[in-house]
Amino acid sequence: MTEMPVLHARNVSMKFGEALVLDNVDVEFYAGRVYGVVGENGAGKSTLMRILSGFLQPISGQIHFEGKQTVLNPQRAKHLGIVLVPQELNLVEPLRVYENIFLGDEPVKHILIDRKAMIDRSSEIIKSLDVQIDPAEPVEKLSTGKKQMVEIMKALSRNVKILIMDEPTASLSEDETNKLFETVRKLRDSGIAVIFVSHRLKEIIQIADELVVLRDGKKVYQGDLSNFSEAQIAEMMVGRKMSEIYPEKPTIEEKTVFEVQNLSSTDGKIKDVSFALKNGEILGFYGLVGAGRTELMQTIIGIRKLSSGEIFVDGKPTVIKSVKEAMKNGIVYLPEERKLAGLVLNFEVFKNTTLMALDKISKIFTKPKVEVERFEYYRKSFDIRVRSPYQITRTLSGGNQQKLVLSKLVETGAKIFMLDEPTRGVDINSRYQIYKIISELASKKLASFIVISSDLPEIIGLCNRVIVMRDGEVVGEATGDGINEANLIYLALGFSVSQDDETRE
Amino acid sequence: MKKVLVFVLVLLSLVTFAAAKYRIGVAIPAADHGWTGGMVWWAQYAIKQYAKDSTLEFTLVTAREPSEQVAQVQTLLAKGIDALVINPYESAPLTPICVEAFRKGVYTVIVDRGIESEEYNTYIAGDNYMYGYLAGKYIADKLKGKGNVVIIEGIPCSINTERVEAFKDALKPYPNIKILAQQPGNWSRETAFQVMQTLLTKFPQIDAVWTGDDDMLQGVILALQQAKRDKNIVLVGGAGQKEILKMIMDGNPLVQIDFTYPPNMIATAINLAVMQLKGQNLNGFYQKGMPRKIILSTETITKENAKDYYFPDSVF
Amino acid sequence: MHLRDILSKYGILFALIVLVLIAGILSPAFLKVENITNIFWQTSYIGIIAVGMTFIMIGGGIDLSVGSFAALMGALAIQTVNALGDTTSSVILSILITIAVGALLGAGSGLLVTKGRIPPFVVTLGAMAIYRSLVLNFANGGVYMSRSSKYSSIGMMRVLGLPVPMIVFLIYVVVASIILERTKFGRYVYAIGANETAALYSAINVDRIRTATYVIGGISVSISAVLLSSMMSSVSSSSTGNGFELDAIAAAVIGGTSLSGGRGTILGTFLGALVLGVINNMLVMLNVAVYLQGLVKGLIIISAVFIQNLRTND
């Protein structure tokens, strides 16, 4: 490769307040290649992308465009052909596709906007990408995948040279993702440099020609990726071996601490479910979306009404009609949507830790001092990273927020934890810490866990036993070596249990 | 047997039909301050007078805003009425519907607030100019042409403006009478109380207060009592509210005069409509028809005649 | 701290001080002790209602009925005293009855919102119409007059030279502030307003807490109604309380309470109510022309909130 890079960030550093978020990063991008940029939350990906597209000025280092040093700002970047497609799409929903494509850049003929030229040009671009979109359709009627395409077309209408895409597949279906990848390849072949930021390592392997790995604001790798597996890339991102991510599975006591018999819900989402949880066990619940796992937990803690069935806590039949009653019986639930259901985001962090167990601390008056002490305990033991106990919860990263939810649950002194997607949207480091917390509590027989997860490696790496649900029913159970990807997927899809290679075909 | 039943039914229906010989619709604003409350009371009072008269049927509606009143009159017209007595909420929005009623041949009586058309039968209203003027004249005489005056007026609107201008006209010949402040009391006792409280702290010497109505006058009196400045001051309100009339009747030195702007004009208007429908004419009038425009005079109430204006059962 | 931080934290206090200074310069009589106590006095009844409104709004609700609710409670207090006779014990009993009925009606609104699942806007809009119509009906559109001189003296009484309504207002603000910001209940009010679902999953009885905010609202309205009706020794069935809901909501919002719940303080509402009181007083003091009063009032309110919002603008 003797040609010149189209864009070169030379020894770029960036600070926010005291924190060094980019440390002397040097990356080159050549025309006609797709770059996969990966890194944990907080590794500096977004900051780097915002610098490359002119929205941020680095505190040191330079940007070279086609060999010439330049100072970027959003207008200049646009002029040079550097386009950022943000994660939150930037379209005007009620306007038509062609109006969006040329928004702010409308072709003009005799003072008036040249509608015909807009439609013709749009049709050309649509044709070149080989997608099915009517240029006259209002954008709000399009699927997310097609909206993404419109965003790319917007870039193409402006002679793009470098296309930066931040998590473009986050809300796309698999079909839409494949379509997007086809488009990306077409763009690459036409000589555009595509920078593709994603959490999904599988997709990076699929689409990228070259890999850029950031960790703690430093570039730790740039180069070929054809020889890497997902796990190896993840190891580079975390700086730790994958085998170390899942702690050793706890040993289980024979004693049953929690049992559900023939549970059905009034709305028919749960049908005749029975299972038991042993002391110190981590019991996984796997299933496809809509299998009824979340609904089952909500029925157990009294948010949904049960029509029949019994619940036993420590062998005693127990009636649970509200979250409060569940808590009094030592059962707590970590909801799936952390921001929606787990935390009060505009509270100071310590108030979230004590929100559920406030009765233990205060009769009538709150005791902020005691509460802060309680928070400080978890801050240390769970490694919750905050500037102060009075920091507003909204400003915490996903991982730290999730550890905060855990602290709220643990503070109640519960014995049975039902965790619904506990690591969704959580960076790898925090995931590791969350697994450690779960494992430690289980090993010391302080608590038993039910873990709902759609992340197979997590279920496999973490759980002693896995129950598989489908259409509101329990359809299978796996233990020991039976906890493997193939088996769980087959159960979840509704095939009969078989680990035989031939029947799999 | 069957025949008898049919006969009885026919007779009954004739009787009920005959019962509603004259149907009169009365449309007025809802009670949102003392004076409108009084008008609602007087409308009900007038209707009650005719309770035994089986040839008359009344429908009384009150509205909280002009569009509601338009809808109410539309409903009355759809129902079928022979006379409409209406105090329009506002002139312009109510004009078309009143004209429509008139053109349909409904005997239309407009009360107090005129419409922007001459297509109606009779208009009856109070005299806003004299209402303000007489108050000003009285204060000027009482102060012997010298002193400090405070005006607490009602909600800004054309009626209010007319009264305040007339009040100032009356004071014009007296250069030594100074108007210290002119502030709105929104025809509310509470607001007038607050405004007066503040004015009393600001001005050490106030010789006379004119309020747009007696409701506000009561708030002013409370503020004066609280500040212990309820001596040597001339107070004038207006509209003849019963508590104030009682004070005048009892010879209370604080208030000695009042001027009418009677809410019972609605009752007069209802009577006019009834007389018209029944073909009666006004006593002493040689003309057969009802007068087109009636401006009721602003009457002066003093200790001597107060009992003629005092209706303890009225709410105003 | 940067100027901007200071402004955002104490913005409403600054706005109030600036307002007082301007008024004081333009009309020295404004700064008389008598006038300042008058402002507290004149602010007291809207202020007390606004305190109750703050609880409701932080909990994620709204109460549009407070104006006609106050008229109804005032009428109730007057009629009860008139029926029981002019003695101290009957006055006290009437006040207690009024507060109890206010709490009960508040609970009714609260239950319709929580258990009935009707939006608070609708429930309280309905209540507004119902209360007003009840007051009008029983008085035939007229006035409720107090026949008890003992009752009427409460609103005009002074203790240590300060008017009783002002003293009640200040005590109420302190007590409410402690309840909202120092108790478990208060913490829950913030939690249900900021994130109802999270509160539900945190074992908080959302319905009970939210209903309780309406009970506090009802009690606040009752206290205010007693002060107002005793001060005026009457309640006008047609005009008393008109527009209170807007003033109370405005006081809370000017003081930083969020219309969507979860944010606000009693101190903020207190200052917000004072800003409104100072504006009203100032308009009279400066003899601002009638037609321009709305303009001045509107500009001051918008600027007061603008100063506070500098924080969210960066």
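For clarity, chains are labelled A, B and C in written order, and residue numbers in each chain start from 1.
The criterion applied here is as follows: a residue touches a chain if its C-beta (ideal position, glycine included) is under 8 Å from a C-beta of that chain, and two chains touch if they have at least 3 such contacts.
As the structure is a computational prediction, the values presented were derived from the model and not from experiment.
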| item | value |
| --- | --- |
| Innermost chain, taking as reference the mean of every protein Cα atom displayed | C |
| Label of the chain whose CA centroid is most distant from the centroid of subunit B | A |
| Centroid distance [mean C-alpha coordinates] between subunit C and subunit A, Å | 45 |
| Rounded Å distance, subunit B centre to subunit C centre (Cα mean) | 33 |
| Whole-Å gap between the CA centroids of subunit A and subunit B | 71 |
| Touching residues on subunit A, where the partner in the complex is subunit C | 303, 322-324, 326-327, 333, 335, 337, 340-347, 351, 355-356, 358-359, 362-366, 408, 412 |
| Complex contact set, residues of subunit C against subunit B | 27, 29-30, 32, 34-35, 38, 41-42, 136, 139-143, 145, 156, 228, 231-234, 236-240, 242, 280-281, 283-285, 287, 290-291, 293 |
| Residues of subunit C defined as touching subunit A within the complex | 182-188, 190-191, 194-195, 197-205, 262-263 |
| Touching residues (chain side subunit B, partner subunit C) in the complex | 31-34, 36-38, 40-41, 44, 153, 156, 181-184, 187-190, 193-195, 197-199, 201-203, 215, 218-219, 222, 225-226, 243, 314-316 |
